[in-house]
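What follows is a set of structures to go through.
Okay, so chain A shows up in both of these, paired with chain B first and chain C after.
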Partner chain A sequence: MKVRLLKEEYLKSDNLFDDFCNNLIEGDIDHFSEDEYILPELRPFPFYLAYKDADQLEKSFMEAFKIIKEDYIKIDREITMSQQFWHSLLLVNFRDYVIEEHPAVTTNKNRFKNIVIKSFDWENYIYKCLLAVEYAVDNLPEVEHDLFYSAVINNLDLYNYLIKYTVTRNDKFIINVLKIVERNNLSTLMKSQIKDRPDLGKDERYGRRVIFEFNKDYPVVLSPMMDIDDMESLLLNHLSKYKS
Partner chain B sequence: MGVWKFSETKLMEDYNFNPILERFYTYGISGLVRENIQNSLDHRLDKRKPVEVVIELGKLNGNDIPGFDEIKNRIKALMGTNQYSKETIDNMKAHLNDRSYDFISFEDKNTKGLSGSNFGYSVSGKYSYSAYAYSKGIHFEDSDKVNEKLRGGSHGIGKIASNAASILYTMFFANCDEYSNETLGGTIQLIDHQLDGKTYRSTGYYTDEISDKYIPYKNEEYHRVFHKSTRGLKIIVPFLRESFVNKDMIIQSICDSFMLAIINEDLVVHFNDITINALTFEDILDENNIFPETDNGKTDVFTKLYFRTYQNLHSDNFIISDKHQDYRFKLYFTYDESILTGRTGIYRSIGMKIEDKKIVSNVNKPYNALLIPYSVEEDVFLKSLENESHTKLDFSHFKDKENQENAKRFINNIDREISKVIESEMNKHNPPEGKLDTSDIIYDIENTFKRDIEKRFVELHIGAGNTKKTILKTSDTEEEGESTKRKKRKGKNKPNKLVKIKKDFGNEPKEYYQIPGSLIKRYSVTDKENLFINVDLNDIYEDKKTGNLLVTIVDGMGIEYPNEYNLENTYEYIADENTRTKLRFNKNCIYLINFEKGNIHLSMKVKNHSNKFSKLRFYLEV
Partner chain C sequence: MIFDKESTFPHPILSKFTDDYEDKTFILKVGVQDGGNHYAFKIEYKLDSKFIINALNKNQANLYLLVQSKDSKFYKLENKNDQILPISKNSISLNKRTSFQLVIMTTEILSFKSNKDLHKFYLKERENIYIDKFGVLAISNVEKFNGDLKKPYELFEKKVDSNIKSEIKIEFGSETIIIVYRDIEYQYNKHRRKNSLNNHYVYIGLQRALLRFLRSNNEKDQEEIYINGIDEPADKLDLKLLNLMKVKGVLLLNYENVDEVIAKISDKIISKHYYAIEETFNESKIA
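And now, the complex of A and B:
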């Protein structure tokens, strides 16, 4: 399958939305850069996962994990970590799928921006899913993958917070944190708001504060190397500062 | 029958708001200003006198807005079927009982106004009133062909720009024609809806209906804002969106879009109590809140530059061609090293700017230019290239492949021709000087390379006696690149002085002295901790005897948190060793440390070790 990269400046241009709506991107050679990748056949997958319904959320995330693992994870990371690649893929190769799944993207420019050309960082669902699959494939035996994936889905708030910052965006650290949370049944607590501490700020959650405590300890780099049991007692200790 | 007329329909078909509304909304207040002033310029009456546009921004009570009760009932009846229309409708409903509403009006003078209002709806196409008031998406063609060609609007959707600016998608137009017929009309853009068991289409018209024919209301007894008593048209947008209520932005977009029309005395704009004409234009450009000076000189409003450039005619026979023929333009051009962003303003003959065009690979070149059509012929061609919002030359709206290719060729040729001018001007200002002797550089590189290699390797001795070997090993640390050199230099001059810095410890930002880490010593033995700050306080504070010390914490990424560290949770007591007294402290502040010995020495008793891995910073109150 051939994926031609759109020019960076074109991806930023004001015309992009109108051109997408009127299907004028693919036909115009001027929109494309010199770069193209010849890749094995790629299937589209749920790439915008802002679902409120828990079943729908889980189903879509799992489908995304599955297809990313089968089709995308083998591809060079230089490609899959590039915003230009994903935006080109969605705007051109997967245009029909995108519109079918999210009809609003052709009528509302903000929805278009939010769904199709969302910047490729921790807030982007593709980025979230891609990292999770990488972490699983690189670190866990096949049988544990699904368990890890459900831990991610179960603890999205915490997972988001972990991949947001460079110091905590570490595969082993994230896997261990999620394992500890799951085996201590802390998932609900970790994502709930801290209500009795007005001094902390408005939307503080137990999970985020615990990770912040890790982040405050010098030297921070040691946490990923810790044994999971040592880390467990440290994490519970951090948590005890907020919840007796 | 109500004052607002909606056609009945059997089926609900349109569940979505007209997408053009959303698009125009994104163009903001400047899109609205452009659209309305351009319409006024298009309908100029006496070519010897300027068109006048009076813009008023103000507030109206709900009951001063014609047919507001009916608008409310219609909106209450709307049912959104998708997220986007739901959001829009919810927002409309939330504003049905506001205490007052913002409005903006555009009244023009020395313009024709709409003709044939007394005939109401007509299919003949003879009168502009019918076309304007009762249909969307078309515009009335002026019977004067030259005039028709010079008109700015070519997509006929100007009116809907006004609807888009209104929270309730409502606009009114008061017309006064050459026979002094004063009428008031309006439109509202909703979605198909059901009311009292009947189904209605999305668009409502504010109009009377006499024996099945739409006839406008006479403009009598309405609020002052809706009056128009001299020949011309007045557009009133009630329920104006909050983000559109921006006086500076309105003035800025008038000046930016219509600079040429204004300075050539084709247009005068009155906005509240300000008059923008050829005489006042320059003064308004100098007003700082409207055209702010940017710190780095970069800006996306180029009006001032265009104004300057318009003094320098570069050529009045500047040729740009498409596939078939040549078009003649006037080019004004400035080359100035202090310009950071290079743009070419493309103007229509009516004096309206279409676009700040970026010339390919010249966007950061120090130039500014204006490109203006030489005659009607060029103007017509330019007009055909405009996108629907008149903000860009574009080819994608051409349906015919051949026309599209041709338009593309022309736009590319603009880039090419102007690039040539930029290049030749740049060469003129920076003449290339003969050949460059590069032998020195090569020698230098060779030498540096050699030195770098030598530095990167260290000698290692392995074994002893006879088996002793010397090998070369690269050192682990990164070697002296330019950047590490700079770092080292910085390291040598490590600040050992207090630096004044603004910090916010929860109340409001104040100045504090930040104490550099090099002056601080901390050590702890079991549950006792000592803190030395080795600084000459007498130097800093002339006659202050005591002061407060504040503590912040820094996380693993170097981000500082002023209100995060909690001294109260960490220490049982804190004592001043210089005076041997215990000190009062709260969460992040230690109070009244004695300065008389010149330095600070504190001792603390730790009650909670959980903070022992924290990285701290210290500040003294100024």
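And now, the complex of A and C:
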């Protein structure tokens, strides 16, 4: 499958939205750079996962994880970590799928920006899913993958916070934190707001504060390299500072 | 996960930004070879502390390589020099900025009683110093692959676009500030001092770029940034600005001192502009 990369300034093009709606990107050489990738056949997958309904959320995440693992995970990171690649794929190769799943992107420019050309960082669902699959494949035996994926979905607020910062955006650390949270049944507590500490700020949650504590101690305490049991007692200790 | 900012530590650490050791040599050198579906990294280091080397030999401490590109990874290394570490290309990208650093971490509680490498300041104290398990002993320099900065020293580009809705527009490219002119006349190209005559646009461009830098790089919604205390920005223009500010000795950036920062990182933008105007004015009088 050939993925032609849009030219570097594609996000600044005034016609991007109109040309996408009118299916004019693919035929217009002005939109493209000289670079292209020849890759094995790639299937589209749920790439915008802002679902309120828990079942729908889980189903869509799981489908994304499955297809990423089967089709994308072996591709060089130089490609899969590139915003230009994903936007080219969504705007050109997967245009029909994108419109079928999210019809609003052709009528509402803001929806288009938010869904199709969303920045490729920790807030982007493709980025979130890609890291999760990579971490599972690199670190866990096959039988544990689904358990890890469920832990990600159950603890999305915490996972988002973990992948937001460079210190904690680390495979082994994230896997261990989520395992500890799951085996201690802390999921609900970690995502709930800290109510009795107005000094901490508006939307502080137990999970975020615990990660903040790990962050604060780095690199004096090299927590990402810890064994899970040592990390567990440290995590529970951090948590106890906020639980009155 | 790479650590490269000034900081204070609760216990002695061997690093270039602490004075806890008499000899603070801990230097990492990374070479890379393309191995098809993986990169082979050649890791060499120089570490002079006998105490820490001994701790490594006795497995009281481990040596880790930290790699930071899109995310952070660490690899436990053998306790020997000149080793080759293969990393699969689906786990690391080198076209984006990638940094490497070595850290040495204790595997058990470690007494500094016999640590003769410490600065003499600690001579009397050292027998009371214990480092906890998973504590950091040493941090090396950061090695970088900066391959994708196309023009490391160029901050500005000029463009002409007759379709913009204003006479002039400041835009940001992937690693430059772009001054877009609606009319090429506005570039003063006919005049001898055309570069200095453009300085008012340069000033505005720098101001806009620094305000953007301030917005995108402040942690936890602070209104100011301590230049030596922030992580390296992913944005390449911001990285250039950061390096420039570091080189020019800027310590703090906030909404109040933007003009002072511009004065420090640039070379007399306004007075050069003034002299260029004066000269142009006088020339036209003579003519």
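By definition in this document, the second predicted complex is superposed on the first by the 240 of 244 C-alpha atoms of A that agree within 3 Å, B and C clash if a C-alpha of one lies under 4 Å from a C-alpha of the other, contacts with A are read in each partner's own complex, and residues count from 1 in each chain.
The rule we apply is simple: a contact is a pair of C-beta atoms (placed from the backbone, for glycine too) under 8 Å apart; a residue touches a chain by one contact, two chains touch by 3 or more.
Keep in mind the model is a prediction, meaning the values are calculated, not measured.
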Superposed partners chain B and chain C on chain A - clash or fit: clash
Which superposed partner A:K241 touches (first chain B, second chain C, both, neither): first
First (chain B), second (chain C), both or neither touched by A:D18: first
Touching partner for A:K109 - first (chain B), second (chain C), both, neither: first
Partner chain in contact with A:E134 - chain B first, chain C second, else both or neither: second
First, second, both or neither for A:T80, with chain B first and chain C second: second
Partner chain in contact with A:N215 - chain B first, chain C second, else both or neither: first
On chain A, positions contacted by chain B and by chain C: 166-167, 218, 220-221
Residues of chain C defined as touching chain A within the complex: 1-3, 9-11, 62, 64, 68-74, 76, 89-96, 103, 105, 132-136, 139, 171, 173-174, 231
Residue ranges of chain B in contact with chain A within the complex: 16, 19, 22-23, 26, 82-84, 392, 394, 396, 408, 553, 555-557, 563-564, 610, 613-615
Residue ranges of chain A in contact with chain C within the complex: 8-9, 12, 73-78, 80-81, 131, 134, 138, 163, 166-167, 169-172, 218-226, 230
Touching residues on chain A, where the partner in the complex is chain B: 14-15, 18-19, 22, 24, 30, 103-104, 107-109, 111, 165-167, 199, 212, 214-218, 220-221, 237, 241
